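First the structure, which I've put down as C-alpha cells, then a few questions once you've had a look.
The letters A, B, C and D name the chains in turn, as written, and every chain counts its residues from 1.
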Amino acid sequence: MKIIMDERGKKYFLNEDKEFHSDLGIIDEEQMSKANIGDTLTTHLEHDFKVIKPNINDFIDLMDRRCSILVQKDIGSVLAHTGLGSSSKVVDAGTGAGAIALNFANVVGSEGMVYSYEIREDFSIIANKNIETFGLKNIIIKNKDIKEGIDEENIDLIFLDLPKPYEIFEDVYESLNFGGWLAVYAPYIDQAELAYKVAKKLNFQNIDIIETFERGLEVRPQGTRPKTRMVGHTGYLVFARKL
Amino acid sequence: MKIIMDERGKKYFLNEDKEFHSDLGIIDEEQMSKANIGDTLTTHLEHDFKVIKPNINDFIDLMDRRCSILVQKDIGSVLAHTGLGSSSKVVDAGTGAGAIALNFANVVGSEGMVYSYEIREDFSIIANKNIETFGLKNIIIKNKDIKEGIDEENIDLIFLDLPKPYEIFEDVYESLNFGGWLAVYAPYIDQAELAYKVAKKLNFQNIDIIETFERGLEVRPQGTRPKTRMVGHTGYLVFARKL
Amino acid sequence: MKIIMDERGKKYFLNEDKEFHSDLGIIDEEQMSKANIGDTLTTHLEHDFKVIKPNINDFIDLMDRRCSILVQKDIGSVLAHTGLGSSSKVVDAGTGAGAIALNFANVVGSEGMVYSYEIREDFSIIANKNIETFGLKNIIIKNKDIKEGIDEENIDLIFLDLPKPYEIFEDVYESLNFGGWLAVYAPYIDQAELAYKVAKKLNFQNIDIIETFERGLEVRPQGTRPKTRMVGHTGYLVFARKL
Amino acid sequence: MKIIMDERGKKYFLNEDKEFHSDLGIIDEEQMSKANIGDTLTTHLEHDFKVIKPNINDFIDLMDRRCSILVQKDIGSVLAHTGLGSSSKVVDAGTGAGAIALNFANVVGSEGMVYSYEIREDFSIIANKNIETFGLKNIIIKNKDIKEGIDEENIDLIFLDLPKPYEIFEDVYESLNFGGWLAVYAPYIDQAELAYKVAKKLNFQNIDIIETFERGLEVRPQGTRPKTRMVGHTGYLVFARKL
C-alpha cells in the first residue's frame, strides 16, 4: 500500500488503477500506476503530490473510524510494558473499527496473529473492511461476545477495552501463556480498581495500574515553552501477568 | 529461549544442557532439558521453579547491562509515534548494551532489520553477546562512529541517543525513506530545542517535541490513591518525518 | 463590599444606593440598602438573589480586566513558597489590571502595603479604579517604569511579571529585607533560566524554578475519573531569597 | 521574632536574652540583644551568622513537629482557591502540631481569627507551645473533637484534614458564612469522592476536587532540564462553597 500527500500535508490512499481527483486537480492513471516511494506526481493544475511509505498511523488516520480509538501514548504503554513483538499471539476485545487490532498486527507480523472480538456486527464489518484495505493477513475479526468464552490458547497478550473487563479474567487466565500479559484500558478509577482486585484474587502477578501524560514543548521565535494544551486524562492501564 | 522463575519472582535463563544451581537447590539436567512453558521444575530442596515464556523485557532485565537504558514509557512513545512494525528497517545510535536495538528488533521481526552504531568497542562487544544470547538474527552491531556516515538507505526509523544528534541530521535525511521517522532522545531542553530547529531547517515535517510522565495508582486496604513516588523527568523525545 | 448572586450563579456588585436591574427583574432600593450577608432579595418577577460575602476571587472575576491575569495555582505557589502574610511589604511589576496586587493586598492586610509598578498609564488607571471599588487602602499604584529604580526598602516580597525581569535583580536585591523573597513569573524556559543564572551571580540564596500542574477529578454517575481537560502550561516561577 | 542563619544555611531562633552556643562557636549576649535584621554576628571562633527576618515557613521548619504537615503546593492551593485574606475567620481540624493553623493565622492577621480543633491532648499542647513561640495572638487551639460540634459562626473557611471529613458537613454548612468555603484534604480517592457527594447532597455549590503537581527545573553547566525527582501524590483537595 502507498499513500500520496499534497502540498498542505493532506494524505490520500493511492489507488494504482485509477485517475486521482482532488480540489488541487487530476493525476492521470499512468502516473498513478508507476508511482514509487519518493516520487512526485503532478496534477493538471500543476500541484505536486508526494508518494510516501505509509505506516500504521497514516493508515488509521485515513481509514473508516466510527468509534473513538486509543491514543498513541496508551498504545505505546501497552506495547512497551508487555514487550509485544514479532510472532506474538494477541487477543483483543472490543474491536471497534479495528484500530488497536491493526496496531497489534503491525507489530506481531506475519508469524504472529491477532484475534479480535467484537459483539456488534456493524463494527465488525467496518473493521474487516479496514483490515482488507491495509492488506494485513494476520488479523481475524470475530463477531462474538468475548464473555461467551475465549477460543484461543497460549496467548501472549489479551487486551480488553470493555466496560466490565474483570468479568472474564478467569477465562483470560486460562487462555494466556505462562509469561503472557493481560492489559486493560479503563477510563474510570472504579474499573481499574476492580480489575486490580480481581486479578489479584485470581493469582495474576506483577499487577500494576498506570496512567500516562504527554506534554509537548513548543519552539517559537519568542522562546521555548511547554504547550498550553494538554490532555488531562484518557484512561488507566491495568497490567497483570500470568506467572 | 526460555526462562525459569523461583517462588520469590526471581528469574534465570534456562540452559537446557546443564544442571541448574541456586540457593533454593539444584534442578537436574533431565528436568532442564525437557522443560516446557508452564511446567513446574523442582529442586532437590523441594522448591518450585516455573518455566515461563520470556518477552523482550524479561531478557533485558537479565542481560549484561553496563549503561543506563531507556525506560518503558519512552520506548513506548517511540514505537507508537513512529508506527514501527513488522519488516521495518531501523538505524540506531549509540547502541550501549543493545537494549533499544533489542526492543526494535523484537518489533521489526525476521523480515525487518536493525543496524546499531556504537563508537565504543567495549559496548559493542557486550551488545553483540547479548544479541547472540537472545538468539536474534536481525540486528547488526556496527562498532563505528555514526558521524562518519550512515551506510544504509530507505530506512523507516533512525533513533539517536547521542549528545549532539543534530550534527548528523543531513545524513539522517538522506538515509530515510519518504515517510520515515527520525526520533531523538534528549535529556536536556537545549538539545531538544536545537534538534527541533535543525530538523526544521532541513525541511523535516511533523516535528514535535514531547515528554511523557507515568504515574501508578495503588490499591490498598485503606483505599486507592496515586503513588507517592513518580519519576519527574527522563528525557524529551523529538520526532521529525521525511515527507 | 457585598455581592448578590442570582439563581444561575451569576454574580453582581451590590450597590446599596440604587435600584438593581437585571434580566431576572428589578430589586427595589429599599431591599438593596438593607441587605445583609445571607439574606435573599426578590425581584418584581419573583426571582431570588442571595447576598454573599465576596472574597478577593469574586471581586477579581467581576472587575474590569483588560489583560491576562495569573491563574490561582500560580498565585497559590507564590503565597505558600514565600510565606507572605499579614503586615508584609510587597513590590510588584507590572500591575496590569491590578489582580495580583489585589491578591497580595488581600493577604498583607491593613498593616502591610503593596507598591505596584506599571509603565502603561491606561493600565494604571484601570488598576486604580479597581482598587478603589474594592475599597483597599493598602495598595499604591505607581505609573512608572520599575527599571528606573525601586523606591521602597525593606521589602518582604518583590514579584515580577516582566519580559526581562533579570535586568533589575541588582535593584531588587537592594530593596529586599534580609529574608525577603524575589519571585518571578516566566512563561518561557529561557527567561526562567536567565533569571536563575543572574540571581545566582548576585548571591541570592534558595534559588528554585518550579512549575505546577493542576488537574480536576470528576464524579459522575458512571464513575469517578480525572478530568479530560487540563492546562499544560502557564509559566514557571523562579524564587530567590536574600539571605 | 528573629532568626539567625549560619554559613551553611542552618537556621536558629534568636533569643535576645541569652548567649548563643553552637558547633561554630559562641555569640555573646550583647551581640544577641542588639541584633537587627541584616546584621552579621560573629562567634568567638570567627564564624558569621546573619540576622534574618523569618517568615512563617522558617518558623514551621524550626518548630516542634511530631506529625506530617501539608506541603506548600497544597497550602498554596487552599489559600488561592478560597481567597483567604486579612481579617478572615477560619476553623481547622485536626490541628496536629499547628502548622496549617499557623499558615492561616499568618494570612488572616490581627483582625482575623483561627479556631483549631484537635482531639489529642498531646498534639494540642505542642501546638499551643509553637503558637506561643511564634507570638501569634490570633489562634485558639481547642482540645476537642470537632465531631461534637463547631462552636463558631460566620466562618469564611473551614479546613478539614480528618479521616472521614464528610461526617460533619452539615455542621460545617451551619457554621459558614454565605460565601464561605469548605476545604478538605483527602489522600485517598474514596475520601475525596464521598466528600464530593455529601457536599452536593447538602447543597454546597462550586464543588471541585483538584490535585496539584509541582516539578522543579534544574540549571546545570551541561544544560537545563526538569528535575528527575518529583512527588507523585500528596492528597486531593475538595472545595465546596456555601452560596
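Basically, a contact is a pair of C-beta atoms (placed from the backbone, for glycine too) under 8 Å apart; a residue touches a chain by one contact, two chains touch by 3 or more.
Here the structure is a predicted model, which means the values were calculated and not measured.
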Notebook entry, point to check: What rotation angle, rounded to the nearest 5 degrees, superposes the C-alpha atoms of subunit A onto those of its identical copy subunit D?
Noted result: 180
Notebook entry, point to check: Taking all residue numbers at the subunit A to subunit B contact, is the shared part over half or under half, that is, same or different?
Noted result: same
Margin query: With centres defined as the mean C-alpha position, give me the subunit B-subunit C separation in Å.
Written below: 49
Notebook entry, point to check: If you average the Cα atoms of subunit C and of subunit D to get two centres, how far apart are those centres in Å?
Noted result: 21
Checklist line | In subunit C, residues with contacts to at least two other chains | finding: 189, 211, 215-216, 224
Check: Okay, in this complex, where on subunit A does subunit C touch?
Finding: 187-191, 211, 215-216, 222-234
Next item on the list: Would you pull the subunit D residues touching subunit C in the complex into a rising list?
Entry: 3, 5, 9, 37-38, 50-58, 72-73, 75-87, 103, 106-112, 154, 156, 177-181, 189, 192-193, 196-197, 205-206, 208-219, 224, 236, 243
